[in-house]
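In what follows, subunit A forms one complex with subunit B and a second complex with subunit C.
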Partner chain A sequence: MTNPIDIAAKATPAPVARRVRGLSDRAIAWIFVTPTIFLLLAINIFPLIWTVRLSFTNYAANRPGREVEWVGLRNYTRILTDAGTWENMQTTAHFLIWTIVLQVVIGFTLAWLINRKFKGNDLLTTLIVIPMMLSPAVVGNFWTFLYQPQIGLFNYVVELVTGTPASSFSMLGPGGLAKWSIIIVDTWMWTPFVMLICLAGLRSIPDYIYEAAEVDRASKWRQFWTITVPMVLPFLMLAVLFRGIENFKMFDMVVLLTGGGPGNETLLASIDLKREAFEKWRTGYSSAYAIILFVTVFGLASIYVKALNKVKER
Partner chain B sequence: MKRTTLAASAALALVWSAQANAQANELTLCWAAWDPANALVELSKDFEAQSGIKMNFEFIPWPNFADRMLNELNSGGQLCDLLIGDSQWIGGGAENGHYIKLNDFFDAEGISMDDFAPATVYAYSTWPKGTPNYYALPAMGDANGWFYRKDWFGREDIQAAYKEATGQDLREPQSQKELLQIAQFFQGREIDGQTVYGASIFTERGSEGITMGATGAMYAWGFKYENTPGQYDMEGAVNSSAAVEGLEFYKELYKTGTPPGYDNAYMEQSLDAFKSGQVAMAMNWFAFFPGLYADPTVGGDKIDFFVNPAQNVAASTLGGQGISVVSYTDNMDGALAYIKWFAQPDVQQKWWASGGYSCHKAVLEDPNFVNSAPFAGDFLEAMGGVQDFWQEPAYASLLIAMQERLHNYVVADQGTAQEALDGLIADWTEVFEDEGKL
Partner chain C sequence: MSAYSVTEPTRSSKWFAGLLVVAYTIITLLPLVWIIATGFKSGPDSISYPPKVVFEPSLEGYVNLFTTRTRIASDDFAALPPPETWYDQIVRDTGMVIAGQSRFGERFMNSVIIGFGSTFLSIFLGTLAAYAFSRFKVPLKDDLLFFILSTRMMPPIAVAIPIYLMYRELGLSDTHLGMILLYTAVNISLAVWLLKGFIDEIPREYEEAALIDGYTRFQAFRKVVLPQAATGIASTAIFCLIFAWNEYAFAVLLTSGNAQTAPPFIPTIIGVGGQDWPAVAAGATLFLLPVMIFTILLRKHLLRGITFGAVRK
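After this line comes the complex of A and B, so read on.
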C-alpha cells in the first residue's frame, strides 16, 4: 500500500518541490506563522500603538481640517481627575462584582444539581442553557417589556408575591432599582455559561476519589469541601475570568435596557467611552480613556491568571 | 491563455462601466425612518419619471439617525447623495465640508430663499446663522406640538369633575401651568374602566429626547442660550431664574402627570401611550400629526391639536430639516437636479398634501392652508415662534451634556434645577474652550 505522504510528495510540482526541499524546519515554521503575525500587527498592535499616540493629542475624527495639537498628559489628567469617570468605574465595578458573585453561586449550584443522574437531565440542561444562546439585543429588548411597570410580567410577579402594586415601581426608572435590573438580566443570561463550565469540572473528577473517600468514611460535606470544590476551582476561576472580561466591556444589553440611565445610574465605563468617541467625537480624549480601561483590564487579568496558574499547580 | 485573459479583462471592464453608468443614473437620499419619509418616496416618483434618475432611499430609525449619519459624513462615505439632516448638523456640515454650499446653484437656477418661510431658512439653511450662506434647502418644517383626547375633554362628566376640582373649564391649555393642571387632573383617573394618565412627554436619555421636551417648557418661560447671540455668554441666560423655573416645571409635570415607566420615552413611546388610550395629552413633532389624525382608534373626531402653550413667551422647540447635497456624492448633477425639482411650488404643494410639511411660502401663505388640515393653523403658529438648540459644529458634545444634566435632574432626582443649569454652563464652557470659541 502506498504511503499518502508519498502520494502528496509526488503530486507536488517539481519546481515547488525543489524550492521546499531546501528550506529548514525553522524557515517553514516562519512561512506558516508570518501571515498570522502580519495580521496581528495590522489589526491589533498597530491600532493599539496608534491609539496611544492619539491619546496625547486633541484629535477629533469628525474635524478632518482642524490642526492636531500635542496636549501631553492633559487627556489622562482630565479623565483621572473627573469625578464622573470614577462614578462610572464604581458603576462598572458594582455590575461586575455582583454579576460574577451571583453567576458563580447559582451556576455552581445548578451544575452540582444537574450533575446527578435523574430522568430528564439532558432536557433540563438544554432548557437552562437557552438564555445564553440568545442575542444580547433580543434579551435587552424583551426584558425592557418584562420590566414595564404597567404590562410587564416581572412587576406583575412582584405584585403577586409581595402585594406591592405593579405600577408603583419602575425597575428601569428612578428609585435605585435600575442597577439591580441589569444585574438580574445578565445573571439570567450568563449563569448557564458558568454552569456548563462547572459541569465540565464536576464531570472531570474521577469517581474513584469519591469511592476512596467513602472507604475512609468521609462525610458528604467533607467530600464536597475537600474534593469537589478544590477540583472544580480551576474551572470556576476560568469562568470568572471569562465573565469578568466580558462584563467589563458590557455595552449592548445595558444600552438597550437603560441607555445608561436613569441619570448616570447604569452608565458603565464602556458606554461612556462610546459616547466620548462616537457621539462627542473627542477622539484624543477617548483614546486616553480606552488606554486607561485597557491597562486596567490587562493588569487585573494578568494578576488573576497568575492566581489561576497557582491554583492549577496545587 | 492570452485570449482568455483578454476576454476576462474585457468582461470586467464592461461590468465596471455598466455599474458606473447605473450609479450615474441613481441617487440615494438619506433621512430618518418616519411617516414623512414614506410620503417623500411617493412624491419622488414624479422626479424619477421626469428625470429618468432612479431614487434609492436610506431611512434610519430616529434613535440611531444621528449616530449613523454623522459617522457616514465624518468618514467621507458615499452612501448618501442627498441628506435630509437635522437642523443642528448644519454648522458641522458646513464647516467640515460635508455639505455643498448652494448659493451659486440657487442663483443660477433662480431659486430664492425669499420664497421660503424666514424661520425655516434661518434654522435649516444658513451657516453661520442668519448669514446668506446656504447649505440646505428647507425641506421639512417641524416643531414640537401637543395633541389631546378631544372626546374626553368634551365629555360632560369629565368637564364637571374638572370644574369641581379646579374651578375652571376644561379646555385646550392656554399656558404651561394650565397644561400641568389638566395633566394632574387626568393622572390616575378611571375612564371607561381604564386607568388613564395626564400626558406623555419626552424623557429619553440616549439621543435628544429630554432636551427636546424640556426646552419646550424652558423656552416658554424665557430660557436663552446666550445673552448676546454669537458671544457664547451663557451665564445669566442658560441659568436664569426663568430657565430654572421652566425646568422645575418640567420635572413636576414628569413626576405628577405622566404614566408610570415613561422614564426613557421619546417619539415612539409618546405615540404608543396616546394610541393605546393611556394618556389625555401627549407631546410630539407635528410630522406625526397627519398619521395621528388618520388613526382609526384615536384619530378623527377623537383628537385635536394645540401649539406648545406660552408661559412668559410664546415659543416651541424647533424640529425639521433641510435637504443638503453631500459633497462626497459621485452624482452631483443628479443631486442638484433633485433639489431644483423639489424647490418648485407645485411640488411643494404636493409635498404638503401627501403628508410632508412644506416650508414654501406658496404653500404656507395660501389662504386655504389654515383649513387644509386640523393642525395646519397650529403649525403656522408654532413656526412663528420656534427656537432651536445650538447648531454649532460641536453640537453633539453640547447636546450630550444637556441630555445628561436634564435627565439627572428630572428623571434621576439628582440635585436641583439651578445646579443642573449651572453645571450645564460649565460643560458647555469646556466644549467652547476646546473649540477655541472661548
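After this line comes the complex of A and C, so read on.
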C-alpha cells in the first residue's frame, strides 16, 4: 500500500461511479412527471373526452335506465340556433366588457398613484388586495346583504351621497340594476388584481428612460403616452386576458348574488349551463354547451400564453 | 435640499396620490368591516334602518352559527331551569332554547381536511414535476407545460358533468378523497408553473457541485434543491390552500352532506323568518379571516401567484 498510485487512487472520490449508481436523469424525469400527467389525464382529460362523447347523445344523468341514442350534431345546432344562448352570450359579454373596462381604468389609476411612492404605500397595497383573495361564493353571499333595499349598507350609502331614497331602488330586484350589481361586486373584488400587475409594469420601467426624455424636453403628458403607456401595455394585456378568461367562466359569485335572476337578466353562460346540466338534467345537450364554452375559453387561453411569453421576454 | 431628480415625484403630488389611495382603501374595506361588525350585532340591530354604526356588541351571531334553536311554548319556557352557560343565556334572551349543534363545525373541518389534503398532494406532485421540467430535457416540454396550464382554463361546470358520473361509478361522490383528488388536479397546474419558476432561480451549480461530491441526482434534489426552494414551496402551498378553501362550484355540485365544505354551507344558514344575518356574517368572518391573514403573509409573492409566475417583482 505504499505505492503512490494506489494512495492517489484511494484519495480520489469516484463521482462517475456514484452517479451511475443512482437513477439516470432520464428515468428521474419520467418518474417525476408521470404522476402529474396521470392525475390530469384521469381528472381533466378523461372527463373532457367523456363530455365530447356525451355531447353527441341525448343522455340524461338522472335517468340512467333510458336507452341512449346518438343524435349526431343535433345538440350543437340546437344550441347555436337557440335565441336564448345568444342572449346569455350577450349578458356574458356585457359583464365581461364592463368589468374589464372598469377594472383597467381604476386599477391602472391606482397603480399609477401608488407608484408616486408616498409613505405607507406598501401597507395600503396589502390592504387593497384583500378582497381578491376571498371566496367568491362567500363574497357573493354577503353582498346580497349589503344590497338589501331596506336595510343594506349599499343603498344607504347611495342615499347619503346622491339623495336617492334607499328604498326606491333594489339592486338585485327587477328594474335593470341587477346586471350592474354583479359588475360592481366583480370590480370591487378584482380591481386590485389589475392594479398589482400594472404596478409591476410601472416599476419595470427604468428611470433613465424618463431622464432621457426630460433631457429631450418631452412634456410630462408626452412622456406618459410615449413611455409609460406602451411599457405597461403588455402587463395590462396580461391582466385583461386573465380577467377575460376568469369572468367568462364566472359562476360562484354571481350564482350566489343573483342566481341568474331576476328572470334571466344576469344569466351568464356558465350559470345557464349549470341549470341545463344539474337542474333540467339534459346531460347530452349541456355537454355540447360545455364543449362550446370550453373551445371559446381555450381560444382565449392560447392568445394569453402568447402574450405571456411576450411579457416574459422583456 | 436634496439633489434634483426628474423621476422623483414632487411632495405635493405624493400627498395628493396618498390621499386618493387612502380614500380608495377605506371604501374598498368598508364592506369587509361591515360584515365583521354585523357578526357582532344582535338580530334586530343587524336589520335596523338607518344601518347602525354604533351598537351594543353581542355574540348572538356566533352562538347561532354553532347551534340550532327552537321556540317552545311560553309556559314551558317559564318553567325552564336557569341557563347554565353564557351561550344558553344569549339564546334564552331571544326567547328560544338551544336544540343542538349546527353543522357549521363539521363543514369547517371538511374545508380544513380537503384544503390541507389537496394542498399537500399538489405540492408533492408539483414539486417533482417542476424539478423535472426545470432541470431535464423532457420530451415535448413546452407542449406538456401548456397542456398543464390549459387544464386550469376549463370552466368547472364543463368537466363537472362527467366527473359527477365518474365519481358516482367509483363511489367517490361526496367523499373527502374525491374532493382532495379533484382539487389537486385543479391546483397542480398552478403548483407546477409557480414552482418551476422558483426552481429555475436556483443556480444549477449547487446541484452540480453536489453531484461531483458524490450525491446521486435524487439526493441532490432532496438535500440541495428542496431547502433552497423552501420559500417558494411555502408560498405556492398557501396559494393552493386558498384556492381549495375558496372553491364553490365543484363543492356544491359534487358534495351534499358528508364532505361538503363551508362555502356551499354558509349561504344556507337561515334563522327563524328569513336569513339570520349575524350568523351568516359570523360564519363569513370565521371563514375569511384565515385568508386575510395569509394574504398579508404572502404579500411579497402575491403577484407571482396570481399570474402563474408570469410576472415577478
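Just so it is clear, the second predicted complex is superposed on the first by the 259 of 314 C-alpha atoms of A that agree within 3 Å, B and C clash if a C-alpha of one lies under 4 Å from a C-alpha of the other, contacts with A are read in each partner's own complex, and residues count from 1 in each chain.
Convention: contacts are C-beta pairs under 8 Å (C-beta built on N, C-alpha and C of every residue); 3 or more make two chains touch, one makes a residue touch a chain.
Just so it is clear, the model here is predicted, and its values are computed rather than measured.
When the two complexes are overlaid on their common chain A, residue A:Pro131 makes contact with subunit C while staying clear of subunit B. Looking at the shared chain after the overlay, A:Arg282 reaches subunit B, while subunit C stays out of its contact range. Legend: residue contacts after superposition of the two complexes on their common chain; A:Ala61 is shown touching both subunit B and subunit C.
Residue contacts after overlaying the shared chain place A:Asp25 against subunit C, while subunit B stays out of touching range. In the superposition on chain A, A:Asn264 makes contact with subunit B only, while subunit C stays out of contact range.
In the overlay built on the shared chain, the residue A:Glu87 is in contact with neither subunit B nor subunit C. Of the two partner chains, subunit C is the only one that A:Asp207 touches; subunit B does not reach it.
In the superposed model, A:Gln150 makes contact with both subunit B and subunit C.
The wider contact with subunit A, measured as residues touched, comes from C rather than the other of subunit B and subunit C. 61, 148, 150, 152, 278 are the residues of subunit A that lie in the contact sets of both subunit B and subunit C, per the superposition on chain A. In the complex of the two chains, the subunit C residues touching subunit A come out as 6-7, 9, 13-15, 17-18, 20-22, 24-25, 28-32, 34-35, 38, 46-51, 125-126, 128-129, 131-133, 135-138, 144, 146-151, 153-166, 181-182, 184-185, 188-189, 192, 211-219, 221, 242, 245-249, 253, 263-264, 266-267, 275, 277, 280-281, 284, 287-288, 291-292, 294-296, 299, 302-303, 306-308, 310-313. Against subunit C, in their complex, subunit A makes its touches with residues 13-15, 18-19, 21-23, 25-26, 28-33, 35-37, 39-40, 42-48, 50-51, 54, 61, 110, 113-114, 116-122, 124-138, 141-143, 145-146, 148, 150-153, 156, 166, 188, 191-193, 196-197, 200, 203, 207, 210-211, 214, 235, 238, 242, 245, 248-249, 251-252, 256, 270, 273-274, 277-278, 283, 286-287, 290-291, 293-294, 297-298, 300-301, 305, 308, 311-312.
Residues 67, 70-71, 73-74, 92, 96-97, 204-206, 259-261, 263-264, 278, 393, 396-397, 400, 404, 407-408, 411-414, 434 of subunit B touch subunit A in their complex. On the subunit A side of its complex with subunit B, the touching residues are 58, 61-65, 148-150, 152, 167-168, 170, 172-174, 255, 258-265, 275, 278-282.
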